[in-house]
Amino acid sequence: MPDDLAALLHELIVATRILANEKVLDAFGHVSVRHPRDPSRYFIPRHRAPELAEISDLVELTLDSEPVRPTDVRLYSERVIHGEIYKARPDVNAVCHHHAHAMMPYAISGRELVPVFHLGAVIGHVPFWDQHDEFGDTNMLVVKPEEGASLARALGPNWTVLMRNHGATVAGRSLRELTFRCVFGCDNAKLQSQAMAHGNVKSLAPGEIELTGAHQLRPPSMGRAWDYWVRQVERAGLMPGKAPQRKAAKTKVKAKRRR
Amino acid sequence: MPDDLAALLHELIVATRILANEKVLDAFGHVSVRHPRDPSRYFIPRHRAPELAEISDLVELTLDSEPVRPTDVRLYSERVIHGEIYKARPDVNAVCHHHAHAMMPYAISGRELVPVFHLGAVIGHVPFWDQHDEFGDTNMLVVKPEEGASLARALGPNWTVLMRNHGATVAGRSLRELTFRCVFGCDNAKLQSQAMAHGNVKSLAPGEIELTGAHQLRPPSMGRAWDYWVRQVERAGLMPGKAPQRKAAKTKVKAKRRR
Amino acid sequence: MPDDLAALLHELIVATRILANEKVLDAFGHVSVRHPRDPSRYFIPRHRAPELAEISDLVELTLDSEPVRPTDVRLYSERVIHGEIYKARPDVNAVCHHHAHAMMPYAISGRELVPVFHLGAVIGHVPFWDQHDEFGDTNMLVVKPEEGASLARALGPNWTVLMRNHGATVAGRSLRELTFRCVFGCDNAKLQSQAMAHGNVKSLAPGEIELTGAHQLRPPSMGRAWDYWVRQVERAGLMPGKAPQRKAAKTKVKAKRRR
Amino acid sequence: MPDDLAALLHELIVATRILANEKVLDAFGHVSVRHPRDPSRYFIPRHRAPELAEISDLVELTLDSEPVRPTDVRLYSERVIHGEIYKARPDVNAVCHHHAHAMMPYAISGRELVPVFHLGAVIGHVPFWDQHDEFGDTNMLVVKPEEGASLARALGPNWTVLMRNHGATVAGRSLRELTFRCVFGCDNAKLQSQAMAHGNVKSLAPGEIELTGAHQLRPPSMGRAWDYWVRQVERAGLMPGKAPQRKAAKTKVKAKRRR
């Protein structure tokens, strides 16, 4: 297994720990990354709290969200969210589904979430998806391929979609972009709620959203934030081992799966 | 004392530490579990802050909330809450009484608490109990058997009851279900308050509450959350010793009580 | 110096650390205790952030807030708050002045603070003092004896007084009662603000306030909370040395003061 | 390099860690200090999250925000904020630009920020700057000298300026004054928002603002708060090495820059 894949899977776990440490994820939610050389596959942890996931917990799935190799580990029932978005959006290489407290009020109240500060520009337009419209009463989880496909249609060409009384799903061109959008999307949501309490919300102008969003997703800005979040993860004692060590762990996992 | 009871009492302490660490409990509040083989008895710590309670602090009470064996330790004056609910509800095996800041606003404002996200579906319908209606001016504690019985009647077939200007009492079929309902009930309360500040609260549809609540209480979902909370308790340095060690401690306590 | 005084001064530092750890105090605010055998004197730290105060920082003042023994350490400019309340209220043995974020909104909005949950009953009636009424434009600190006396008059027979655009001052019969009232007074303030956001605040009935406040100030309830807060102080690494060790430290301080 | 400059640069890093620890700064924002003997130069870290900046990351810039010595490290694109304020305001010796969550709601809602408690008096009058007024759609960053000069004009003779949908910039006569104004300015903003939620905001009287602001910026008050914040930075494990150690590090950096 080449180093770049090992490094990518390590980055997936680091991104997940960042999102847990920044309170985007808790016991629930999940993060995935598309295979860097085979766009028809993606990696996601087995069913467990994202903060607890190790590289050895990663499984490789097809875009139909079926395991590439037989496995008896339990998988996230909502993994179709990831597979269906990867199918619909070739430009997306990383996906996060979460129930962050910052964003949930919008999923409950139905209020529109709009960019209210420069870093929040990266959320762009945020559509709202109501599973009930198409599927009626359900257990509210996105478990059928057609449910995932419906969510992916609602996302459309955008990068964040709110899910009624459930949560949000966020996409990125890379893990770093995804992490940046998740954290500052939640910051934007918190700040908008506070401005709503002030009785007046002024959002960015359309031209500002375009210029600012593009600027913030350039490597210097994303790298600076990533380094900061990694330090917080280190301080919290949540950093996984280094990528080289992980490579060994990965091999063992694959061996186990082959059995 | 057989292993399963030792394991259950260890789980009671772990559940209590989780609820303290998740800010459901503070200096006050208490958690109990019904005896697994004798439904006419339950275990609860002696009078002390729940986070500080050890297995050696557990006492065994009848459903009249009297100690099974003579003891000179101080007991919670509100233990009748537990005993009277165990009497009225054979399906309940674990009870928590708390004053979590997330839920108190509802106990003060009288606003109805409703499921507003999928994990919050586990609270179901939440009745409101006003001790003053039946008992007039009191010190607001539920200390008489008839006060506990009144609260149990208000709870009815439900799983959470709000207590006016006082707090909430939550029931579960197991300690894990109780913990899940307490934590996500508080999350639901926080999120509903935030949606109220947005000026619009959309709750789950009745059919969704039923399907979603039942689904979330299945073992995979509860187990995933439990593992996450245990990890947080470990990280906070709050984990009690392992069950086997506790068994020994338990024996010593019982010996002490016999004296 | 007899053991009971050494123990009391140690308790003063522990109470101060508790109030810092519970976010009642920050860089500012101060806590004092009356001399247990000479009601015309009280102890308070020299001018420094309360969390940082050690027993060796305590100075002994007359009720005119002058040092009993000459000292060249800087004293709190607002120490007259303490002296004037001790003069006016022989039943008060401990005083805390703070700017806790929980209570400040009431000092700014002028909204009445009322008991909204059983533990909050210990605040009773909370009068509002506006220094400007009597003294016009000032630097807003209570530094003159007549300013302290005015505040003490506003406090009257009550236990907490709000100070316009400044903070609150709280009194207790003992350090434990003071600590209990400060912490749960702040909790009450937070919860009332949240209930205000719900659009409805139901306070305790007058009879409930009386019965409940008295009950909560009995030793078992106060002791249980005290033990919990001490554990949090220990976990935060903020616990001062044990009383016996402090006794030695105390002796050194006194020696230094005599020079 | 004389000791006082070494000490000042150490203080710059300590102030920055304090502002990070007190949640004024996060991944973004920056703090600078004017050269103590050459008012035409100032020091600011290279482009990285402020909490992570070490003395070895400091660069020396002219008031046109160009490096005094050639360097290939990346600089903050918004450093003109600092240079243009130092040009316009000879009395300013330290500047902080931040996006603190406490203040952002005002930058979004446009509500006026006013002193609402004695410690908040140090913010004085807070003007509001909208980059769009003069520059139309931009990426919202203040990167051109004329943008920085416009912001400095909006600041005028004041000490804090709000930036629409972006953040705030704060000035001080010294690093300690700057730190004090940043922290208590944010506290003031939080408390004002809470009083707004109470439906009534009473600000300090003009005479009170003048008397109180001046009093709080005297050394005893600022020193007491500084010592408290330093202790919190130490407890968080964020304290940089002592100034003498830094002096050595500094020398190495300068050597590197000369190459």
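Per-chain residue numbering starts at 1, and chain names A, B, C and D are given in the order in which the chains are listed.
Following the convention adopted for this analysis, a residue touches a chain if its C-beta (ideal position, glycine included) is under 8 Å from a C-beta of that chain, and two chains touch if they have at least 3 such contacts.
Here the structure is a predicted model, which is why all the values come from computation and not from measurement.
The chains that touch chain A as well as chain D do not exist here; no chain meets both.
Judged by shared residue numbers over all numbers used at their interface, chain A and chain B contact each other through mostly different positions, with under half in common. Centre to centre, using the average C-alpha position, chain C and chain D are separated by 33 Å. Measuring from the averaged C-alpha position of chain B to that of chain D gives a distance of 47 Å.
Chain contacts: chain C has residues 197 touching two or more partner chains. The chain pairs satisfying the stated touch condition come to A-B, A-D, B-C, C-D. Listed in rising order, the residues of chain A touching chain D in the complex are 116-119, 121, 187, 190-192, 194-195, 197-205, 207-208, 211-212, 214-215, 220, 224-225, 227-229, 231, 235.
Contact residues on chain A toward chain B in their complex (touch as defined above): 26-28, 47-49, 51-52, 74, 99, 101, 104-111, 132, 136-141, 164-167, 193, 196-197, 237.
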